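Letters A, B and C mark the chains as written, and numbering starts fresh at 1 in each.
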Amino acid sequence: MFRNTYDSDNTVFSPQGRLHQVEYALEAVKQGSAAVGLRSKTHAILLALKRSTGELASYQQKMFRIDDHVGIAIAGLTSDARVLSNFMRQQAMGERMMFNRPMPVNRLVTSIADKAQVNTQEYGRRPYGVGFLVIGQDQSGPHLFEFSPSGNSYEYYAMSIGARSQSAKTYLERHYESFADCNLEDLIRHGLHALRETLQQDKELNVNNTSIGIIGPMGQHEKPISPPGSFRILENEKVEVYLQSMEKKEEAADPAPAPVPAPAAAPGAAADDDVQMSG
Amino acid sequence: MDHFPTNWGRPRNDAFDAYATHPIHQRPYNGPKDTFADGVQRTQQPIVTGTSVLAIKYKDGVMMAADNLASYGSLARFKDVQRLHQVGNYTVIGAGGDMSDFQYIQYILEELSVEEISAQDGHELGPVEIHEYMSQVMYARRSKMNPLWNSLLIAGFKDGKRFLSFVDLLGTTYTASTLATGYGAYIAQPLLRKAVEGREDIITEEEARKILEDSMRVLFYRDARSLNKFQIATISSAGVSISDSMQLDTTWSFAEDIRGYGAQTQ
Amino acid sequence: MTSIGTGYDLSASTYSPDGRIFQVEYANKAVENSGTAIGLRVKDGVVLAVEKLVHSKLLVPGANRRIQTIDRHIGMASAGLLADGRKISQLAREEGSKIRKMWREPLTVKALSDRISLGAQAYTLYSSVRPFGVSTIFGGVDKSGPSLYIVEPSGVCLGYHGAAVGKGRQLAKTELEKLKLSELSMREAVMEAARIIYLVHDDNKEKEFELEMTWVGDESNDLHLPVPDDLLEEAKSRAKAALETFE
């Protein structure tokens, strides 16, 4: 495999001013199955593709609740995600205790980004190997953020991470301008369409492998919930009604771009879809 | 010399205070020491003190008043102290009790405000958040047996809602449409309640101001630790404004007719 | 760079035979790859502006700020690794907090830049860390008036009338040198800053960009705040117009 002099630890800049260890950590995110996030004026949603190691195994957990007003979907190393989400929960609870308010979502994301930055600068650590999509709502409405191991975080209208997420991104870029005014059902349908793009040829979205996370008021297929609409995860039979709403994939009219070739530097990038370590 | 103001002062009066226990329950013990009781001793009483703070809700928001005196025991030591303090864009906090502790509170709130401003993300601390924060701070300190010796009123107006609450050195909190700390809790609170309760949405700014001025006048007559120089803060949809210091008209001619104290001999 | 592969460039704690510390130079490369940031110190205040490169059209405009607030009266713009920039801002706020605790007064821009540069220098000494991949412009108004400093990855800290870091800094510096900075008003500085950012942006090579601008001084009541929207829009349209006559 290709090796380069400047990639053995994270305290070394390459002559181009790049940090190879950090870039490899970004590859770890792409090892995980895809997650998609979208936002309208009223809702923010997450959709994720769950993997299973076999018939006897359950499907993995792709979404975590942080607080009533925040939830995340992950791609990459699940164990790293659990550490970071635990930290986020503590932050959010601290804010409720000290100020009696939901923690502003951007600050929550920045707090883990700052944590991640340290792991890119000091010896003896490795950057986190997980990326998040974070949805939340606060005084300024619904939000969608991406967190990545490089210590960066950005706010998006829509975003996808994980394996073959570029295909989903292409779909989102084509449609994002209509998301703002979508109702919850349409937003989820767009999300599923985007998520579908990340599937391998012979696979399909079904009630077992699809998770949907929602923040915002009750949708027409949901049981009544209190007004602000705290974070909830839909799985199994609850997903059915949304899967039904999907339109048939137009094969020819809308050719999905070829999956991004796995970079040579990433070990085992082309490995089996069901890598157990990865999220 | 004993520099503790509470140890000098009034002569003992057998008629009403045979053991000189009034008004302060605890005084520093200057007698022989018990070797085995040599623990840590923290604040036992406030030193430089402010007296009452009054606040009421009215039609457009909340109004708060406090005088400018900081006493050193019975000595009127500082006469230009501001006891109303603005925090952020929506909140005023008024303090009675120890003034150095209040200055410390102003510092931690400044620290908090700068943190909030630095985020520059459109989220701002309102009175509700500041009340919660102060109650946590005060309760945490009393639980360490090291209280900040204050009674605080927190008043604000944000998102179309008025807010008024009380926090004290024990971390006790409550809220009402009229609040008063210190001597005012006994003398002014009944007057405020009578004037305000049930009429919170009717009282105009002028009327609210008059209610507070009348109460401040009564307090000035009756509270020996008060001063006829005070400020009023108004918090409404227009924001926070804290007035310059002002004075009230008072009449003292009746004093000549009072016998039994002062310069008269009979 | 001839020393690539000689092994003298793998650690900040190693000199090359000709006395250079390559890791610091490589950190500067990270700065050079980033969108330009400039600062103008003028008569009555300081204006900061950055060319924020937009890497995806899915980004929410205006949401992902690159200029940060350190204290009421101090702002900071950085070029290089964004995450490192946030670390610097964290350190800067801690510095402000320490000084406020000790002296009960706001810190000065000079003291701040000095302290941060010492921190940055420490990261050039050891193999266990890497240097900061950012150059940072600190701008603010304090008791000595408007001030503007740059802290570089090497730990060098210098004061400026006009500062530029990042990809387009050469051209930006040339433009800044043409101005009589100490005679400009803040409003004039906003116009010039916008013009320079639009000028240095390379349409052919780069993706879209967003102009982000803040100021601190008389106009903003000595608070570090975003430049008001109407003024920003005016500055943008004037910058675009100036660009056409320039070419």
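Definition applied: a residue touches a chain if its C-beta (ideal position, glycine included) is under 8 Å from a C-beta of that chain, and two chains touch if they have at least 3 such contacts.
Composition by chain, UniProt nomenclature: A, C = Proteasome subunit alpha type; B = Proteasome subunit beta.
All figures in this text were calculated on a predicted structure; none of them were measured in a lab.
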Inquiry  = Tell me the shape of the graph of touching chains, choosing from line, ring, star, complete and other.
reply    = complete
Key: Farthest chain (mean CA position) relative to subunit A (Proteasome subunit alpha type)   = B
Note = If you tally C-beta contacts across A-C and across B-C, the winner is A-C
Most central chain, Cα average position = C
Request  = Can you check how far apart subunit A (Proteasome subunit alpha type) and subunit B (Proteasome subunit beta) are, centre to centre, with Cα atoms defining each centre and the answer in Å?
outcome  = 51
CA centroid of subunit A (Proteasome subunit alpha type) to CA centroid of subunit C (Proteasome subunit alpha type), Å = 31
Ask   = Just curious, how far off is subunit C (Proteasome subunit alpha type) from subunit B (Proteasome subunit beta) if you go by their C-alpha centres, in Å?
value = 46
Remark   = Residue ranges of subunit A (Proteasome subunit alpha type) touching at least 2 other chains are 106
Message = Two or more other chains touching the same residue: where does that happen in subunit B (Proteasome subunit beta)?
response = 119
In the complex, subunit B (Proteasome subunit beta) residues that touch subunit A (Proteasome subunit alpha type) = 119, 121-123, 125, 128-129, 131-133, 136
Query = Where on subunit C (Proteasome subunit alpha type) is subunit A (Proteasome subunit alpha type) touching in the complex?
reply = 1, 4-5, 9-12, 22-23, 26-33, 56-60, 63-64, 81-84, 86-87, 90, 123, 127-133
Ask   = Where on subunit B (Proteasome subunit beta) does subunit C (Proteasome subunit alpha type) make contact in their complex?
value = 107, 110-111, 114-115, 117-120
Contacting residues of subunit A (Proteasome subunit alpha type) [partner subunit C (Proteasome subunit alpha type), same complex] = 5-6, 10-19, 106, 110, 113-114, 116-118, 120-124, 150-152, 154-159, 169, 172-173, 176
Touching residues (chain side subunit A (Proteasome subunit alpha type), partner subunit B (Proteasome subunit beta)) in the complex = 97-101, 104, 106-107, 138-140
